[in-house]
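One chain, chain A, appears in both complexes that follow, with chain B as partner in the first and chain C in the second.
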Partner chain A sequence: MELFKYIFKRIIQTIPLLIIVSLISFFIIRLSPVDPLAELKLNPSISPETVEKERQRLGLDKPVIIQYGKWAFSFIKGDLGVTSTGEKVSQKLKERIPNTLLLTSIVIFLTWLVGVPLGIIAAVKWKTPIDRILTVLTSIGMAIPSFFFAVLLLLFAVKTGWFPIGGLTSPNFSDLSFGGKFIDIAYHLVLPVFVLFTISLAGLQRQMRANMLDVLDSDYVKFARAKGLPESVVIYKHALRNAVNPMITLLGFEFAGLLSGAALTEYVFQYPGLGRLILEAVLKSDINLVMASLMMGAVMLILGNLIADILLIITDPRIRVKS
Partner chain B sequence: MIRRVFKVLTVILLAALLLKGCLVKDVPESDVKPSEDKNISSDWTYPTPKNVTINGVDYLQSQAPIGNFGGELITSTIGEGPKTFNPFNCKDNTSQVMASIMYDGLLTTDPIYGETIPKLAKSYSISPDGKTYTIKLRHGVKWSDGKPITANDVVFTWRDIIFAGFGDTSTRDSLVIDDKLPQVRKIDDYTVEFTTHKPYAPFIRLLSASIAPKHIFMPAVKKGKEYFDSFLSTNTPPKDFVTSGAFKLKEYVPAQRVVFERNPNYYEINKKDQKLPYLDKYIFLIVGDLNNEVLKFEAKELDVISLQGSKVARYKSLEPHSDFKLYNLGPTTSTTYLSMNLNNRKNKDGKFYVNPVKQKWFQDINFRHAVDYAIDRKNMVFNIANGIAAPLFTPESLNSIYLNKNIKPYDKDLEKSKELLKKSGFYTKKGVLYDKDGNRVEFDLYTNAGNTEREAIGVMVKQDLEDLGMKVNFKPIEFNSLVNKLVSTFDWDMVIMGLTGSPLEPNGGKNVWLSDGRLHMFNMRTPQEGKIGILSWEKELDDCFTKGALATKFEDRKKHYDRYQEIVNREKPFVYIYSPVVIVAIRDKFKNIYPSSLGGITHNIEEIYVGREK
Partner chain C sequence: MIKDIFKQLWKDKFARIALLVLGVIYIALFLADFIAPYTKDFSDRTMAYVPPSKLFTIDENGKLSKPYTYNYVREFDKNNLEIKYRLDRSKKHYIKFFSKGQPYKFLGLIPMKRHLFTTDRDGRIFLLGTDINGRDVFSRLLFGGRISMTIGFLALFVLFPIGLLFGGISGYIGGRVDSIMMRFAEAIMSIPSFYLLIILASILPSGMTSTQRFMLIVIILALIGWAGFARVVRGMVLSVKNQEYIQAAQSIGASKMRIITKHLLPQTTSFVIVAMTLSVPSYILSESGLSFLGLGIQQPDASWGNMLKEAQEFTNILYRPWLLTPGFLIFVSVLAFNLIGDTIRDILDPKSKVR
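Now for the complex of A and B:
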């Protein structure tokens, strides 16, 4: 019951936050010099009447504050509006979200599956060759900029012909059997997943290693060891449970990055996800689409933090007592 | 920020590719000269399809060699892909291309000579007074669902969709003559008559607009304009499309590809009377940027690619030992120019749009000609476009059928420039140019930031003009701000911009050249100002465009449009710089390729087939 009350309180708290986020982003977009009609204005075959009609259709003839009011009102009603080319924003997002989720969830799953154990190993084998090799590898992983790495891999794919040049499916995808489709998608995912995995693995492994080292140095671990407990119990029962708390907070952030974290890599690999859609929307000042994606990002972040906090309450008795 | 990242990325990529190109084979400079680079051999001419009647059905018969059926051609479209598949809602080029594959128009443009020729129509005739157009339709031709294509569809399309203002109204807008629209009338099931109340030459080109199947579009039209705007959108299941073109939609995957498949009811046949097209599938990959397109072509994921400037040299060196062939399609319709602001009026607050001192220079024809002669077009073609461009001197693009061939190209001539400036009282002191009132000649040169080509042109123009002692402040600014300056606030001195025209219809340029046009940049007037302060040669230009649109015969029209090009060349409100040349690479295995400057490489997509491997 306490927990539900807490969740409810947190959700109420997010409302003013969302309003502020939306206000700031709306005004920044609208006050920027990007004119969604610039392209039309410079097209000799388009009449001034058509430009004027477009202005009215996009609501640009009204003051910014009224535009915001209109947008906010329909947003509350659950209507995300239409893009500047007249397509439904919700439809556009629906097309792309599954693709992005597919990519990011595979990456997050893989990095946690590999990164956490590697972090523990490095901490336990502190200052041994294994730890050093891992440190060097993760340094490399952290040092490579993701877009550069992606480009290199693309060039590699062109040279060898081993991998497709971006995208998610082959042109003959719809003619394939179920197994063929699965293999086709997996084949296209290898490179983007590899890029994102390498980059985020490094950070995660180091975080885990640092947490674990902190804990291994603490008094209760020393005490547990002194008590003569077997090393595995010391590490997995006493040390790990304490070391994992900061990681849960991190997981909350990872959740927020589910939809937006891979934008740059998506762009380089021409991956049909949200990244490409939103980048183009921003460049064209397609307000409804940009606002929808920004709000989505904000909601995901808040939600991620909330989930992390709830998980913390469950795993850490100290927080439970305080609240 | 992200844009900058991509710019860096582009540079790295290009460097990598170029480096590789150099390693493969050192490319001699002469290899890439476009003018001498005649990739299109002249030993063939495109055999234009003919009409034949078999068992009462009026087919279009391809005269090209007979090929094999099957296979697919994969090409690409840059950007985010089509926004709609409804031919009447297209506002962007990609959607337009996709829709025109599926929906044929009554007439089309001859890909080689640029004349209007029948397509879905069997034939057409224009009455001697130039007001009545009679269109004969093909007998026995069917939509992809088997229903016949008749005059009802044509009348419905023109009267109930286009004239009624459904979808994108630009076709309708351009047909309003003195507030009146043309009339369309069904004579019988296979004859339609259009009447304009005045002779209006551009109308014939507009008859290439797609024809819609009445039985599919009628319910949508009945539901009103708002419904029509989302009708046949990208979310419509492919099987709901009923089309007349060579291909119909098979699959649309957002941000990835559009797949078209053969329309079994298409009305073109080959010389053996087999139904075309040869290809089973025609695929467009949706590619986000040019670099990715190049990579995809190299990885053989694409069959066709358009190449620009720097990439051509590399492909040229690869061509002999590769599976593709390069075709030079000649100059494009895009024109890059330098314009001076001739505005001498004041804004609402009583301030001059252009500094009165600078006004004197820009309005001085000698000054404008001096600028023109100082610009080294050839140098720009070689250094900026890597030789893959052609110097330009006219507002009509070099492949336009209305190009005035009497306007002769000339080279940079600094002496002449100096002479012209001297004539107007300009003088130089210690290499610095002053006007006759002793003002230093200094002005701003704008272009849109991010367009690397225009930025490079700007730098070279600046250097060329500084040879004359002028001080040029080159300022690339954000595209939207620039457009705002050009069409709203008019506070600019000199600008480098580009426009894309039509090689077939100069009337599209009227917004630029009419003195009250919406894009009459060099002497822009607000709508309230009307035709205030019109210069004598602006009046002449108005005259050319008004008369040119009303004349119907090509020869008559050509006279008017020749004169307009002469006036522009004489008065130099725009100093034209160059037009890029299009080079297209296509895999060898495709046969029946007849590239043309007007139609591109896949204008005869229904005749293209995949050759058997030897």
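Now for the complex of A and C:
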């Protein structure tokens, strides 16, 4: 019960955060000198009625505060307006968000799968050549600009023809069977996942190594060793559990970094995700779309942090006691 | 203190190499006008996408000669429908060192004509080939590096005072002020930073001079990073604000601002130094990403990011690999900064084992 109360409190806390985020992003975009309806007006396929409806919806003839109120109210109702090409923004987001979530969750899964063991190995073999090599490799991974790495991999794909060059699906995607579709998407995901994986692995491995080294230094590990427990039990049963807890907090940050890193990678690979959507929207100054995707990015980030916090409460009883 | 850090850095093998690499890069950028054979605005439209010049030191008779090069001639291969570049072996162009070439102003002040190396008037020396406008990639790398390698530092000098003050005030005053200030910082952190970055860059008005644009991009980069930094500073201030020396300062009537700036913030010095060196690379990467998308530094100004913009085309990365050189330079300098930052952390904070 205590647990649910805490989780509930934590969820309530995100509401003011969302309001501040929306205020900040709303005013940043209103700072822009661009007429939010300019693109819409220029598009001949859009009727003047639609433009008028948008003007009414956004309250552009009213003061900024009322504009914000109108925007926020229709946002809560789920009405995000239309893009400059006349499509529904909510429809567009529905297409793109799952793709970005797919990409980032695969990357997070893989980095944890590889990064945590590598961190443990580096910590256990502290100051040996293995540790040194891992440090050098992660330094290299951290230093490659994501877009440059993506361009190089694309070059590799073009030269060898082993991988598809960008996109998420092949042209004949709709004809494929279910299994075929799965394989097709997986095949297209290999390169973008590899770029983001390489870049985010370094941070995770280093953090795990540092946590593990801290824990291995602590008294209870010394005691476990003194008691004569086998080294594997000391490491995997006593040390690991405590070293992993701070990593869960990091999960939220990792997600934030991935959303940002994914934008450039998606752009280079022509991957239909939220990052590329917001980039294209920004380049076309499509205000509705920019606003909505910015908010969705923030919502995803806040939810990511929330999930990380809840996970931490479940795995680390000390936090429950404190609260 | 700075001297001590430097001494210890020099002892570490990796850090020493990194320092040397960065030293060479920064000296080259400082002397860019002199080292570059061409000025920033030089372009030869007939020489678009020319491959790197070939240098010869042994002439056609097999004898040692002064270094010379041949110009490239562009030819259209009708059979394969492609443009080819052939060496025009009819005329040798000797490379001249410390001789007069295009006029420039050294550091924008002293008018000079001497270049480290040039060739004769109708010869062309393109060490790393040319871009779509027939501009020398090698020269532009040097001029672009000036922007790419300083923008991070400038952003830090805007960001750190803001973050320090914000975190200091929030932590010391506490209570409601603290919670409002921290909610605000958290809200900034809740927006994916790259999204915020491109949106801020895109609302910059278009009719700006390149200096104005540069300064505004510095400010935008700073706006992205301060919040996370301020939170850490607040945490550190919280941990020392109840110590006796602070109480002593309060009892002799020091003002709040004085306590924050003179007594609390100096406690964060070693963290600030480490955070600064470790965040320079992320700003270099952000700037290059922004310029790569065309939202950062604009043509005709060069930066490593906007030079890489040409790598967005397949034909360029396939047939003109010399256009990728800025990417390698970004990689090398970011790696060097990271190595130095890691080593400084080990020196200042021996307990931390993150490496």
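Everything below uses one rule, namely that the second predicted complex is superposed on the first by the 281 of 323 C-alpha atoms of A that agree within 3 Å, B and C clash if a C-alpha of one lies under 4 Å from a C-alpha of the other, contacts with A are read in each partner's own complex, and residues count from 1 in each chain.
In the analysis below, a contact is a pair of C-beta atoms (placed from the backbone, for glycine too) under 8 Å apart; a residue touches a chain by one contact, two chains touch by 3 or more.
Not measured: the values here are computed from a predicted model.
K.L.:
Contact-wise, after the overlay, does A:Leu154 reach chain B, chain C, both or neither (first, second, both, neither)?
P.N.:
both
K.L.:
On the A-aligned overlay, A:Ala210 touches which partner chain: chain B = first, chain C = second, or both, or neither?
P.N.:
second
K.L.:
Is A:Leu279 touching anything from chain B or chain C once the two structures are fitted on A? First, second, both or neither.
P.N.:
Both chain B and chain C are touched by A:Leu279.
K.L.:
Contact-wise, after the overlay, does A:Pro48 reach chain B, chain C, both or neither (first, second, both, neither)?
P.N.:
Touch status of A:Pro48: first partner only.
K.L.:
With both complexes superposed on chain A, which partner does A:Ile108 reach: first (chain B), second (chain C), both or neither?
P.N.:
neither
K.L.:
Thinking of the overlay built on chain A, is A:Leu201 touched by chain B (first), by chain C (second), by both, or by neither?
P.N.:
neither
K.L.:
Looking at A:Ala143, would you say it contacts chain B, chain C, both, or neither? Reply first, second, both or neither.
P.N.:
second
K.L.:
Classify the contacts of A:Ala292 with the two partner chains as first (chain B alone), second (chain C alone), both, or neither.
P.N.:
Touch status of A:Ala292: no partner.
K.L.:
Return first, second, both or neither, reflecting whether A:Ser260 touches chain B, chain C, both chains, or no partner chain.
P.N.:
So A:Ser260 only meets chain C here.
K.L.:
For chain A, which residues belong to both interfaces, chain B and chain C?
P.N.:
Common interface on chain A, chain B vs chain C: 33-34, 147-148, 151, 154-155, 158, 165, 264, 267-268, 279, 283.
K.L.:
Mind pulling up the chain B residues that touch chain A in the complex?
P.N.:
2-3, 5-6, 9, 12-13, 16, 72, 74, 79-80, 83-84, 89, 91-92, 169-170, 173-174, 229-230, 233-235, 250-251, 253-257, 259, 281, 283, 285, 287-288, 292, 295-296, 298-301, 478-481, 483-484, 486-487, 499, 501, 508-512, 518-519, 527
K.L.:
Inside the complex, what are the residues of chain C that reach chain A?
P.N.:
Per the stated touch rule, the residues are 183-184, 186-196, 198-200, 202-203, 205, 281, 285, 288-289, 292-295, 308, 311-312, 314, 317-318, 324, 327, 330-332, 334-335, 338-339, 342, 352-355.
K.L.:
For chain A, which residues count as touching chain B in their complex?
P.N.:
33-35, 38, 41-42, 44-51, 53, 85-87, 91-92, 95-96, 147-148, 151, 154-155, 157-158, 161, 164-169, 171, 173-174, 264, 267-268, 270, 272-273, 276-277, 279-280, 283
K.L.:
Show which residues of chain A lie in contact with chain C when the two form their complex.
P.N.:
On the chain A side, the touching residues are 16-17, 20-21, 24-25, 28-29, 31-34, 126, 135, 139-140, 142-148, 151-152, 154-155, 158-159, 165, 206-207, 209-210, 213-214, 256, 259-261, 263-264, 267-268, 275, 278-279, 282-283, 285, 290, 293-294, 297-298, 301-302, 305.
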